[in-house]
Structures are given as structure tokens and as C-alpha cells.
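What follows is a single structure, written as C-alpha cells, with notes after it.
Letters A, B, C, D, E and F name the chains as they come in the text, with residue numbers starting at 1 for each one.
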Amino acid sequence: MAAASGSNLSSEMEVDAFRRLFPLRFHERHLLQSIRPDGRTLGKARDTTIALGAVTSANGSALTKIGCTTMLAAIKLEVMTPTAESPDEGCIAIDFHMPPICSPIVRPGRPAEAAPVLAKQLSDTITSSGVIDLKELSLVGGKAAWMAYLDIYCLDADGSLFDAALLSAVAAFSHLRIPVVSLNDEGRIVLVSEDNGGGKLEKEPVNKEKRKLKLDSLPFSLTCILHKNYILADPTAEEESIMETLVTVVLDSSSQLVSLYKPGGPVPAHTSAIQDCVALTRQRLKELQKILNGAISDMEVD
Amino acid sequence: MAGKRGATPATYSPSLTTAKGKKKPPIFTDDANWVRSDGRHFHQCRPAFLRIATVNSASGSAYAEFGNTKVIVSVFGPRESKKAMMYSDVGRLNCNVSYTTFATPSRGQGSDNKDFSSMLHKALEGAIILESFPKTTVDVFALVLESGGSDLPVIISCASLALADAGIMLYDLVAAVSVSCLGKNLVIDPISEEEVYQEGSFMISCMPSRNEVTQLTVTGEWSTPKISEAMDLCLDACSKLGNIMRSCLKEPLSAPEE
Amino acid sequence: MEYVNPEGLRLDGRRPLEMRQLRAEIGVVSRADGSAVFEMGNTKVIAAVYGPREVQNKSQQINDQAVVRCEYSMANFSTGDRMRKPKHDRRSTEISLVIRQTMEACILTHLMPRSQIDIFVQVLQADGGTRSACINAATLALADAGIPMRDLVTSCAAGYLNSTPLLDLNYVEDSAGGPDVTVGILPKLDKVTLLQMDAKLPMDTFETVMQLAIEGCKAVANYIRELLLENTKQLEFRRGV
Amino acid sequence: MVGLSVGEKHFIKGGIEQNLRTDGRKRYTYRPIYVETAVIPQANGSARVKFGATEVIASVKAELGKPSPSYPDKGKVLIHVDCSPTAEPAFEGRGGEELSSELSVALQRCLLGGKSGAGAGIDLSSLSIVEGKICWDLYIEGLVVSSDGNLLDALAAAIKASLSNTALPKVQVSSAASDEQPEVDLSDEEFLQFDTCGIPAIVTLTKVGKHYILDATSEEESQMSSAVSVSVNRQGRICGLTKRGGAGLNPSVIHDMISVAKHLSEQVINKLDSEIAAAEAREEDVP
Amino acid sequence: MEVEKELVTPGEVLGLGSDFKAGKGAYFSPDTKTIYASLTGFRSIIPPPIDATDQRPTVEVSGHKAHGAVPEPGSIVIARVTKVMARMASADIMCVGSKSVREKFTGIIRQQDVRATEIDKVEMHASFRPGDIVRALVLSLGDARAYYLSTAKNELGVVSAESAAGGEMVPISWTEMQCPLTGQVEQRKVAKVGA
Amino acid sequence: MEIDRGDGRKANQLRPVSCTRAVLNRAHGSASWSQGETKVLAAVYGPKAGTKKNENPEKACFEVIWKPKTGQIGKPEKECEMILKRTLQSICILNVHPNTTTSIIIQVVNDDGGLLPCAINAACAALVDAGIPLKHLAVAICCSLAKNGRVLLDPNKSEEQNMKAFVYLAFPNSIQSVLPEGSLQVEGEPMEHGIITSVTHGVMSVDDYLLCLDKGRAASEKLSVFLRSSLK
């Protein structure tokens, strides 16, 4: 191994400087003992937390943290006139933002070029996974329907952004409450405030109580790095920048394959590697479902 | 079934059923014992929740929550200035404030306070020892997650915490408070409803322990005595806020290194 | 729409071959190396010249002559409608290019190698013929800045409406859709340095309209020359020579 | 910006200490003010103001518009400033944008008062025609032609002069009863003049070393540690205040600066009004 | 002798100017004649060296992570060479002293700063190659774009380099390095590895 | 069990493929690739000196510009640019021309389904035409999954839209290796079975995905034979 002969140089240099100058050698030395610089085993994901209802001014919101990567998703419902060809369907507009606060690479003038790519990936995955039945967003057939603006903000970018963003989107949808509305005389939908719910009502409210969205197959994802014959689950930003082959597997709760996304990368993925990734994702799926249900249950409590 | 690719259709947000043509909500009558909508009396600020080191990939960061106003600030640097910049033997400060789309009740309002970035720059400029990092730049980026009223003072205080967390040499922390004038009485730390109906506003950012004012903006009509009354009110609110900020900075250090 | 009434008078009372009233002032911007205001009737333009000075970005530097850069911008209140004038829309970029090429032709750039000359033109009031007014203002500003030039560049526009050639069109005549010939000449060297025309014109009428415009340019040249002589006399007087 | 050698910097600071500035003025004296009105014939009102070498042009255009839902009984006033590259090569392209937005916000803060429009120099309710339906929208545009310091005061003076020169056509509301857009016809003979006594003047005190100076040139501004712009109206009430510049200021210093500004403002307002009256007079005899 | 550890934040008074000298993390404000803290950390007092004329102890703030390392004149940096031109080589500074920088700074090594002897006959391409790791001394803040670096001492110069064949080269003299795989010798300005 | 596809093709029959090289004279390398109605024109300029802002100067860097048929560049175009850039970077030898930028411009002439694979093939042909050193070529194919579980290869636009799901796959092309014992063995699997790029649309089961993989590999043999013959 080339690193050994350079040892006289690295022994007297500090670990921190060696990590900055020879990142690949630094990581490969760890992989030999199948651990990673932050102490995790190869297949273990970072600890994940979900906090629902982080934004009071939004109809549904969630803050998720996977290790240091932090995402804030918020859904605001607005009324739109549905299109002619799908009169009784609402619509979802998904947008992903990387503000300058999330990483040193992003400058206010120049947005990160990964942001539009992730936005497209997220909207493809969410629409094709069918987690939201657009018919539930309809209000008055042909005249009014809900337009759900889902905005996901990356507050701290430390690797596997897609997993954290998808998790925050799914959590925000499960926290979404559709407000009670009624049609007033000018044909505009207006909120019916809870207190005078029982009071005089020119129009009986379109939907009775503040209801939740019925969510069936929730998609969960795991990104892995293929390097030589190692598979590293849930990489940090440093690992992603050194070993560039990423495979993102998205499974839904009925363990159907929603998407398998491998955008090139020096290491070709063989079938065995694909199967290992899918197995890791299945195991990760159970973990995430447990965390999400925990968050939902203690939200119902308070 | 892909999401709408073309221009998203025009949408409007269903606002609360407000009766038409109501002049000014009666709660702003001029009698003295009137209590504000969120129960605070005139000279009481909202509870401040502050935390530092919230963004790992930034050199320094801070999160501030004053009632419904939630702000995250991260500081990068001192790092290389942009190529276009000329040589300067004094460090440079670069500030940028942005709003999330869901920060304000209606979607588009975030963009109309473009001048916050230059106001933040002027408020912080006086407190940073620029000579300690020649030729390089310190970037201060703020993101307002939720706009609940008097956003700029919260941004300034949170930014000075983030600078301290990043280890940038400061003359002093910067605490900022704003006061609205409704009828005769001065209302400190106004929420957005109060801001809409204010006749005048008085925003001050100062260095609490050196007792120096770095930024001051006044709008509306004020008589001189009222200005000095507002000034004293704000200065002692700033010193109280300064102590809260200092305890927030000391707290992770005094606790055993986890 | 009748642009020339039977008695031969135009809408604003001028004869077809009559120019609008010229007024100019030199040295209005004290911090600029050279500046001038030029008014043709209601069209009012201010020009400022900075240079020759150090080239800002080294990539544009030419080592045997000076780089001439120009920026044309319109004030928000300059035209009737109040629409916000974005700085870099196509029209202003095109006019900046025209002014730069015209001025570059007449400045002796090889005398000032590796330097940069900035010409900034701001339209305060636009009432037709802004292009010509800008060139005349730029010439005055360059002269005020003492930049060596082959000759003055003066410009004037002429049109053809109701089958009569009209000199120095105003906004109403300009937007009547008729042909608009803008000419820029070096009066002493009697050379045409700028010729722009849009819309169709038979060859012979084009000849007469162009000749008319050249006459206009010569008249502007005389006015400018007198103004510069007057200005130099004042400078001499002020220096008490 | 202005390249000053160390010697020049000391020369400027020393001069201010001894109350004798580089151009011979005292600390609180203005440069010669020159006002010319109706420079832009197409606008409802316009003015060109020169403070020594600083020259700005302001124009007011009035259009009929719909009042904002939250203030149905008030007209709207929008102030926008533009920095022309003729003033400084650095304003070329997008260079001048930051300064112009800063000036626009400072002017709005000093002239238009709080969000509700109360305490504004311009009485917004006088702009309303039919409450909730039609009102006058005033678009005030400022243009910096040549900049040699003290832009904010010059712009405020130019706006005050252009407003006094503004002539709003008289308005008859023909069909008053109907609910939607009532037709309005504008008579172009008699105009109602704008009362500008309420409009404040801005006084900027620039602190260099220990002392403050008035109407600073750009060289002096490059030496300032901080500056306070106070807008004071005729009744002596403060209608807006902006502190610029980096260094911190002791609150007592600020109070002192405010009182000095108040005291000086009467002198400035009278000087401006006399200049405007002279300009109006000049305008009468040369149509 | 350390006074019991007391936590200070920027702006807190550390002592009067008359009885303390301002050390690291503190500054002296002339108009109020007091010393304030400029960083968050523990207040510590360092006794004055015995022979120093000024007997006042220095007060400083320590313990808190100072801002990321910034190259200053006189600091030893480790950089990776990016481009080599006829008269200078440009390099990305990765570490200042032993601390790595969060984001790279650009430095250039001019021809006259490569070595101390016959500086005008220096052949840049024989001293550095893109990709080499170099230990250098920061000469000055340089110009707007880059810091001026120098490798004019024995222990400065190329510390590690990759040969054309990809092997990690071993230094054999102060001007040559050899590739262990192919045995090929390449020219470099080599840093003498410390004892 | 024969499924009649709109144009009468069998399940794993590809659309007619045509590739012409050196179509543009100003570009260093260019190729136009058409599969059925889908036609893409690729041009390669470079390697030019200098690298972009935060690119690594020690390696050659690639820049992909995707020009859609109509409209401006939106998020889908940015995604295709990123996928194409990563794919091409993985097949080129990067350390031959350090500190250079090669820009690849993709102009969509017509899109009738399977746009991304067609673009990948066109880009590879253009890179060969420009003489850029490549480790191996990439061959891309689109496999779609019908409702009844059958895999259809190279669907056109209408088929793509009403299929249950489809996946774009890119494989290294098969090589006639000089070594006697057949192509290179990499941990027991022939080298060209490794996937370079895989992008799926629509929900499918894992085994369906593996089925698509095998079908795709078989089809890529045919495509690489065509590619090799067209490049001679």
C-alpha cells in the first residue's frame, strides 16, 4: 500500500493535517479495520431525529436531522382553480433551497448547482411514489382545489442531502392538517376560524373538521457509497467528496422499489452490490418508520 | 402525473374571515391599562431562546427565537475574499439576509426588505476588530425561518452571537431592540400586527458593556423628549438582552466538555 | 396624421428644414475629467468623460492604444411613461455600442496606449433624436477633457413624412413610423462616420434626406465650435493671461 | 473611491479641529445652494439642486391608482433614487445599485414616516380622491448627476423643491354613486398646488474625530467615523433619523447631535424656502 | 500561578489599562483606559517575565477555539502545488502550522523565493510539479489574490510528491527524488526531513 | 405470449439505430445519434486550458451543457447535465490532461422517449470522434416494465408514459479482449456487467428491477456491436 512508504512524512505530521492533505489515504486506513473516521461501522447510519410542527405559520412542517445534516420542510396550502383536464385534483409544487447558511460552498449570488438536481429528484420521487392522492386535495370539483407548496430548506449540509430532504418531506406531509374552509358569497374560499365554527355560517363549511391526509406507501431512502468492495451507508459530506460513486435506493413502506438512482461514478455497480444496498435500505426503512411513528405519537399526545 | 411543469397557476391564500372595512382593530385604544394581544405589558420583551453552534459546516452559528420570530445565522471565515476585490489591509465584512418562502403569511413578502443586508452590515461593522484578519473576509449569512415582527433586531443580536461563536475578535457583543409608537405609548419588541399599525418606529443596536450605539433608525414623527425616553428604554433592554446572550455563550463552556 | 400643414409648418411650429433650438453647457460635473450638457429642443443629455486612466480589468487592456468604453443610460423620468428603465436592455446596449464606435473612430487612441477612456451618457429628457444628442454631448465632454481627437463628431437626424424631408425629428415625428436617417460626420475632414437608417426610402429621396442631415450636422458643428472658443476665452480670462 | 494620502487625511482632520475646513468653510456652514425648478417639462413637478459640486435632479409624476386595501383613505408615495455613472465611474453597470437602494430607503424613512403614514412629511390623505377606489400615486424619482458628498440632504432638498413645483390637475368625479370604477376627468387648466411646509429637511452631521461638520464633501466623508442624518420639519419635530458609518457612538453624543441638528434645521429650511421661492420667480419670467 | 478560571465573553472588562497589559484575546481601549475581552474563553493572567522593564502582568483569554487558522507573515504552511509557470508556482495553502484551514487560501512561490542560492538560475519546472505537497514560509500578505510564500530554507520545499508512475517518491538529495516503483529520478526542490 | 407494441416490434427488439460522426466542422468532435424518432446531436470542445472555480486542477474536468429542443434550461435539464457529467467522468481517463476543461454540448433534436440513453450514446460517440482518451465506451439503454410484468426494451414516448415504470441503464460496452480466457473477470462477474448509471421512474418491485438489469445487459451487447462497427 503506497501510504506505508510515506509513513516517515505522516508520522511527524498531525492527524488533522494528514486528513486534510491525503483524505483518501486517511479514509482507506480506517476502512481496513472496517470503521469510519466518526466511529461508525460501514453499514450504520447516523442518528436521526424528527421534530414535527417546527414552523407555526405553515399548515404542515417538520425539522429532521441525520447526524449534522439538517432539513426544514414546510407545506403551505393555497387555493387554486384546478386545470381542465383534471378538475377534481389538487397539485403539489415541490422546491428545494440551499441557502448560503448551509455550507461554505454556497455564495449568496451563486446558488449551489446541486439544488435544482435535488429538487427534480425529490419531485419525481414524491409524485411517482403516489404517497399523496391528489384527489384528496380537491375542494369544489372544477372550481377550487388545494395547491400544496412544499418548500424544503437545507439548514446544514453534511452529506446524504437527498435522504434527509425526503424524510423531512414525508414527515411534513404526515403533520399536515387541512384547515376548515367554506365558500363565501364572492366565490372565494375563506378560513372558518375555529371559535365561531358553530356561529352563523353563510355557507356550510366545505370540509367539516381539520383533517389529516390519508398517506399510504411512505417512501424512505438510503444513500450508499461504493468504494473498491466496501459499501458505506449514509456518507458524510467529506466521504461524498472523496469517494464519488453514490447509489440512492428509495423503498416505500410496502417495500416496493420507488427509485434506484446511480448517477455515474468511477466504480461500476455489480448486481451483488445492488442487492446489498437494497438490503441495507430495508433495514434502514424499519428504523425510520419507528422514528417517524414515535414523532407522530408524541405529537398527538401534546 | 408529473408535477406541473409550466407556470404554476395563480393561487391565493384563504385569509381569515375579517369583516370588511374595519378601521383599526379597537385593541389599540390610548388608555393606559390596555394590554397587548400576547399579554405582555408595554415595556416587556418577548422571551428570548438563544443557542449557538447549530450549523456544523459553518465556522460559527447561532439560532434565535423571540416569540414567533425565528432566525438562523451562520458565519464563514475569515476566508479568501472574492477575486474581484481590491487589496485591503483591513478585514472585510460581507452580510446577506434572506427569508424563507413560508416566513411571512403571504408567500411573496420576504423580498421587500432588501436593505436588511446593508443595515446588518452597518450594525456589526463597529463591533468587529477588522485589523485582526487582514485581507480576508468574514461572511455573515442570515436566514429568517419565521417572521413574527421586529425581525431586524433579532437578526442583529443572533449574528453577533454567531460571530462570537466563530471566534472572531469583537470589541463587544451587539444587542438590538426596536420600539413602536402606538398612539401615546411606546411598545417594545413589537409583533407583526403591532408593527402594521405603528405610527413611528425606533430601532437601536448597541454594544451593551461599552455603552456605544452602532446603528439607529427612527421613522415617523417624534418629539425630542420622546426620543430620549425611547432611547433609555431601549438601552436598558439591550443591556438585559446582552446578559442573556453572555450566559448563552458561557453555558457550553462551563458545562463539562461533552 | 398631418405632420406638415398646408402652410408648410410642422406640429411644433418649425419649418421642415429648421433645427430645434440648441443649447449646451460645458463642465457641469466638477469631479469628471470632462463633462457637458447638450440640449436639442426638449431632448436633454448629460455626458461625462473619465480618463485616460488605468485599465480596470487587465484582460481588456490593449498595449498599443487606449480602450474606449461607453455606457448609455436613461433616467426613469426621461420619457412620458414611467416604466423602470433596466440598465442593460437591448436598446441601450446597442446605442452604447454605436456611440463607442463613433467616438473610437475620432479619438487618437494610439497616443494613450494601455489606458482606458470611459464615456458615460445619461439621458435626462428624451424627445426624439437622443442618439444624435448623445454623440454631440460626448464630443463636447471629450473636448472639455482635453482628449486629442482627429476632429469633432457632430450628429443629426432627418426624416421623410408627408413626402417632405424633415430635419431634426422630435418624439412625435420620430414615432410616426416614417424613415429616420441618423448621420454623424467629421465636419473639418468632411467624412461621414455614422450612417443609420431604418424603414424604406427610394434612392433619390434618401440622397436628399441624407444631405439635409449633413447640413444639420454642420450647423451643430458651428454651434459647438463657437461654444468651445467662448469657453476657452473664459478659461484664459479666468487665468488672467 | 477617493485616494487620499496620509498627509491629506491629517490636513482634513486638523482643519476640522480648528473649525476651518479645506474649502474655507466653518464647521456648520453650507456650500452655496442653487435650486432650479421645472427642469423636466414632462413631469408634474421637477427640480435640480446643487450643493456646491453635488448636483441631483428630482422629478415627481402623479398617476391615478388604487389605494392599498389596508389604508383605503390614503394615496401612495414611492421614492426611488438612481445613481448615474456620470457622477462616478464606480456607478457603472450595477455598481451604483447598492448606494441607490440605501438612499431610497433612507429617504422613505425620513419623508414618509411609519408604515401607517402618520407623521409623514406629505399628507397622504390629501392624495385620496374616492376612498377605497381611486387615489393619486406619486412616483418620486431622484437622479444623482454629480456626487461630491452629502447626497442625502441634496436629494431631500430636491424632493422638497420638486413637490412645491408639482401641479396636480383638479379632479371631478363624474359618476360618484356606482360601485366599481367611477370615471374621473382631469381638467388641465386649474391645478392645485402642493403645500410643502410640512415636508422636513434632512440635516446630516458627519463626525470626524471629536467634532461634527455639516454638508461634508466626499473627501471629508471618506474620513468620517460616523454620521447621523436627522430629518426635522418646520415645527421642530424629528420625522426620521438614520445613523450611518461604522464606529459606535455614545448615546449622549447622539442626543447632542440631535439637538445641534434641530437648531441648524431652522436655518436650512429658511434658506431652502427662499431658494425655492427665487427659483419659482425665475421660472415665471423665463417661460 | 493561575487565578481561578473565570469565563468572559467579548466586551467584558478584564482590568484597568494601568495595571495590566492586553494579551491574546484581549484589547486595550485608549479612550476608556480599560482592557476588554475580545473572545469568549477563560480569563488568565500571565506573570511578567522577571527581566522585562514593564512589570505589569499580561491578561489574556484562552480556551475557546479561536477562528480558523489564517496565514500570517512568518507562519509555516503546508500547501499543494496547483500550477507551475515560468516565473512562479501557485499553490493552495491547506494547513497553517499544524492546524488545517477550513477553506483553502491561494499562495504563490515566486522564482526568487525558491532557494537561497543563485536565485536567478532557478528552473521552476525542476523545483515543483502540480500535485506536490510543499512546506513553505509565508513571506508577506502578498497582493489581492495570493500570499507570497518562500521555500528558501533547507527544511522548506517539497515534502511529498507522486511520481509519473503514481508511486510516492522518496527524497535522495536536496534536488532529487526517486520513485520506488520505477526507480526513475525526478528533479524537485526537496525539503530536508527534520531529525 | 406476444405483446403487440404500437410499432409491431417484439419485446426486446430495439428501434432502428443510426450514428453519424463528424457532423460539425467547428467542433473538435461531434456525433449525431438517433434511436427511432429520438435524435440527439453531441459536440465536444476541448480539452481547453484552465479549470472552473472549484474543480480539481490535477484532473481533467468535464462541463456538460444540455440544450432542450424548446424553452429555457430548467431543473430537468440541470439533472440530465449532472447525470451525463458524472457518467462521462467515470469512463474517461482523467489524469492524462490535468488542469483542462472539456465541454460537451448536447442539443436535443427530437424527443420520442429514451432521451437520456440516446444522449449518453451520442456523447460517447462524440468523445471518440474528438480523440479524448477513454477507459472504455458506455452503452445506454432504456427498459420499461409493462403492467403484466413483461420488460419492453427501448420504448418510445407513448409507451414510456403509460408503462408502469421504466429505467435508464448505462453499461460499459463489451470488449473482445485479447486475453484467452474471455473478458476481464472482476470478482467473478464479467466486467461489463457493472452498471455505470441507473435512473428509475415509477414504482416497481426489486425483482422486476433485477429482471430489467439482465434484459438491459443482453440488449447492450447488440448495441456495443453496432457501436464498434459504426466507429471503425
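Annotations for the structure displayed:
We adopt the following convention: a contact is a pair of C-beta atoms (placed from the backbone, for glycine too) under 8 Å apart; a residue touches a chain by one contact, two chains touch by 3 or more.
A quick map from chain label to UniProt name: A = Ribosomal RNA-processing protein 43; B = Exosome complex component RRP41-like; C = Exosome complex component RRP41 homolog; D = Ribosomal RNA-processing protein 42; E = Exosome complex component CSL4; F = Exosome complex exonuclease RRP46 homolog.
Bear in mind that the values here come from a model prediction, so they are computed numbers and not experimental data.
Touching chain A and chain B together: E.
Common neighbours of chain B and chain D under the contact definition above are absent. Compare each chain's C-alpha centroid with the centroid of every protein C-alpha atom shown, and the nearest one belongs to B.
Looking at which of C-D and A-E shares more C-beta pairs in contact, the answer is the pair C-D. Distance from chain A peaks, on a Cα-centroid basis, for C. In terms of their C-alpha centroids, the spacing between chain B and chain E amounts to 37 Å.
Mean C-alpha positions place chain C and chain E at a centre distance of 58 Å. Per-chain Cα centroids separate chain E from chain F by 48 Å. Residue positions 104, 124, 128 of chain A are each in touch with at least two other chains.
Touching of two or more other chains is recorded for residues 74, 76 of chain F.
Residue positions of chain E with contacts to 2 or more other chains are 102-103. Shown are all chain pairs that touch, namely A-B, A-E, A-F, B-D, B-E, C-D, E-F.
By the touch rule above, chain F contacts chain A in their complex via residues 54, 74-76, 78-79, 82-83, 85-90, 165, 167, 170, 172, 186-187, 189, 191, 193-206, 208-210, 213.
Within the complex formed with chain D, the residues of chain C that make contact are 28-32, 35, 42, 46-48, 50, 71, 73, 75-77, 79-80, 82, 84, 87-88, 118, 120-122, 124-125. Residues of chain E touching chain B in their complex: 7, 9-13, 25, 27, 29, 32, 36, 38-42, 63-68, 70, 102-106, 141, 143-145. Only residues 21, 114-115, 118, 122, 125-127, 171, 181, 195-201, 206-207, 210-224, 227-228, 231, 235 of chain B touch chain D when the two sit together in their complex. Every residue of chain B that touches chain A in the complex is listed here, in rising order: 1-4, 8-17, 54-58, 61, 68, 70, 72-74, 76, 79, 96, 98, 100-105, 107, 139, 141-143, 145-146.
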